Amino acid sequence: MQAENLLGEQMENPMVRLSYAYATDLIQARLRLINADLTERNRRQIVRSMSSRIKSAESICKKLVKKGHAVTFENAVSVLNDIAGIRVVCYFCDDIYQIAAELQRQSDFRIIKKKDYVKNPKQSGYQSIHLIVGVPVTYRDQTKEMRVEIQIRSFAMDYWAELDAQMCYKKDAGQILHVEREIRDYSDVIAKVDNRMLELRKRIEEM
Amino acid sequence: MQAENLLGEQMENPMVRLSYAYATDLIQARLRLINADLTERNRRQIVRSMSSRIKSAESICKKLVKKGHAVTFENAVSVLNDIAGIRVVCYFCDDIYQIAAELQRQSDFRIIKKKDYVKNPKQSGYQSIHLIVGVPVTYRDQTKEMRVEIQIRSFAMDYWAELDAQMCYKKDAGQILHVEREIRDYSDVIAKVDNRMLELRKRIEEM
Amino acid sequence: MQAENLLGEQMENPMVRLSYAYATDLIQARLRLINADLTERNRRQIVRSMSSRIKSAESICKKLVKKGHAVTFENAVSVLNDIAGIRVVCYFCDDIYQIAAELQRQSDFRIIKKKDYVKNPKQSGYQSIHLIVGVPVTYRDQTKEMRVEIQIRSFAMDYWAELDAQMCYKKDAGQILHVEREIRDYSDVIAKVDNRMLELRKRIEEM
Amino acid sequence: MQAENLLGEQMENPMVRLSYAYATDLIQARLRLINADLTERNRRQIVRSMSSRIKSAESICKKLVKKGHAVTFENAVSVLNDIAGIRVVCYFCDDIYQIAAELQRQSDFRIIKKKDYVKNPKQSGYQSIHLIVGVPVTYRDQTKEMRVEIQIRSFAMDYWAELDAQMCYKKDAGQILHVEREIRDYSDVIAKVDNRMLELRKRIEEM
């Protein structure tokens, strides 16, 4: 309990929160450049929406405990990759790869990890690409690398994920298994819609 | 050209634009009450997002010309129902009817027109409910009724409509016919997904 | 303690908070109309900025206790006039009266109370006009009157009030008396600046 | 005219505007860190508000013409220092120097120019510090330095500058001279208020 309070205090420290916010501001500004660049090259909008969030001290504690780590500030900052997170929703499923590729081309960011849940969907049916990016945050003459998790998903997958979150909410363990299987099946249906819309777009582009 | 300029000036008049903005602010504040009420009764979020826009003088001109009316301020205000517009996106397709029903229960608004493009989809495949609502806007001791168009659609239909807009953009007349048929077919596919997600939610609710 | 928790729950109820928010949205939309109207008539901007806040359950409790009332929801809603508050900052000190006069001309609002701290500054030196306004908030076929406190002050007085808040912060009782006297003296200085800027503006207008 | 159109097109190019926006986003995120740092060290809020703007193609043209330069994209980008601008308003006049000093300590920004209009007020009476800062903007493996003008002023000087702008608006040349002299005199009055509030704050801090 004391550990939690101390962690809370340190995580709520304005310099710590603002350093994470600095990193997400910087990536979002870069994503606007990437979107403008891709929009010009593809002659259509690529990014539909973007949002960011910084985890509360409370959920940081829960995640540390769940992962079996001591609840300390140092562990939070070094073990957790998703204290700062950005979600990018694009129109079509091939846009996901275009955006991920551009992020990997940025010479001042370091790609720490990449998970392709589009090629290998999660058990739940969830599809998206997750990048853990290291961003240099300078203050005075010191530069620290802050990590940010970027989730890139298509509009169709965003639809599935949001409805999934609505439906799995407050179901108990016995029921949840059954529901989850059904929702997973629907993720296939929606992934098919996603792909057919992509094919249609390609046919239109070739006209 | 002169008519257009005069109309532009009158439409850009702050009191005119702000009266329309007043009406949309009022409806959006009411929709937040409706959402809170429905969320409590249904024990889940109903409205996913809301946005509003006021037509530019330029598109008002175009629409008047297209409809065969003289380009005057009086015609704009009395003939066009969608100078001020609000779009409401909800999670499931049955939420559309809940929201529309609540709007019709508000005793200080007048429902001028209702179009159910869910029961009778447009030629293009487009599905949503459109309400034209008359809202009393008081200034000093005078009250005018301002009209606002409210479009209510499901998340799935919002997906279809946005991708449709992206794909039909800049196609010429010959091609567009062919493309439109395909997109219409996809609207059926997505409407099916919409309905199956609804059925799944109902089954979960009954567990 | 239990009373506080119950009050907290009731005040945090979305329908209650959103009803207050509805009232402030409505007044702010009206103030934008008033500003546009006054701006046109005076040929210069009148309102510099506007903001609103709804009191937290915690400060509602404190205020009820301080005023000697039992901590109940009914008392909160019926006794406190400033659960919802709007602050309007205008450029010159005569603008305060123009805005207050227009608010009093709105036939659908009820002016419950008016305090003129410009003519009769508070002990602290604070100058502004406070209006308690009753706004009809309709939901379905029911209309309740919600009360909103509107504070109208000049840019110069906003400067004084903000610096006052910064300086009186965390001083103890013995010191505060001495400081308060000094700050009050400065409020006179700033009020003089406010009036001289007004005279200058009038001279310019007559040129 | 053709030059203007071409410049307009190039300045409105999303990659150009977004590069300037990137630079202002980055500086504003840094200023939030600076504010948090100074707030902690001074135990009071330092920055009252912050805003940014990017000059329109139209005002860039005007400024190039006024400065006697050909209206070209290259001239705009290389000659003008204030295409992107940030305004920082702080509470007291000594805060201006604290913020400027911190900006100059940031090792990844280059201070291109510094003008101290507090020590040497402009003819008009205007007081503030202007820094032209060079910010590295990286895209892929290329880094360009974008210039941003940062204006730092006190709340009191912000008051004077805004009222000055309101009053000098639309006066003709003959009258303006007379008015300007008066307004300049008022800038002295307000500078004195600014300094006396600072002295008062210092006395309170020493209690």
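Lettered A, B, C and D in written order, each chain numbered from 1.
In the analysis below, a residue touches a chain if its C-beta (ideal position, glycine included) is under 8 Å from a C-beta of that chain, and two chains touch if they have at least 3 such contacts.
As the structure is a computational prediction, the values presented were derived from the model and not from experiment.
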Residue-number overlap at the chain C/chain D interface, same or different (half cut): same
Cα centroid separation between chain A and chain C, in whole Å? 42
As a quick test, compute the distance in whole Å between the mean CA positions of chain C and chain D. 31
Centre-to-centre distance between chain C and chain B (centres being mean Cα positions), rounded to whole Å: 36
Listed in rising order, chain A residues that touch 2 or more other chains are none
Based on which chains touch which, is the overall arrangement a line, ring, star, complete graph, or other? ring
Set of all touching chain pairs, with the criterion as stated earlier: A-B, A-D, B-C, C-D
For the chain D and chain A complex, residues of the former touching the latter: 14-15, 18-19, 21-22, 25-26, 28-30, 32-33, 36-37, 39-40, 102, 105-108, 138-141, 143
Residues of chain B touching chain A in their complex? 44-45, 48, 91-92, 155-156, 159, 162-163, 166-167, 169, 171, 175, 179, 182-183, 186, 189-190, 193, 196-197, 200-201, 203-204, 207
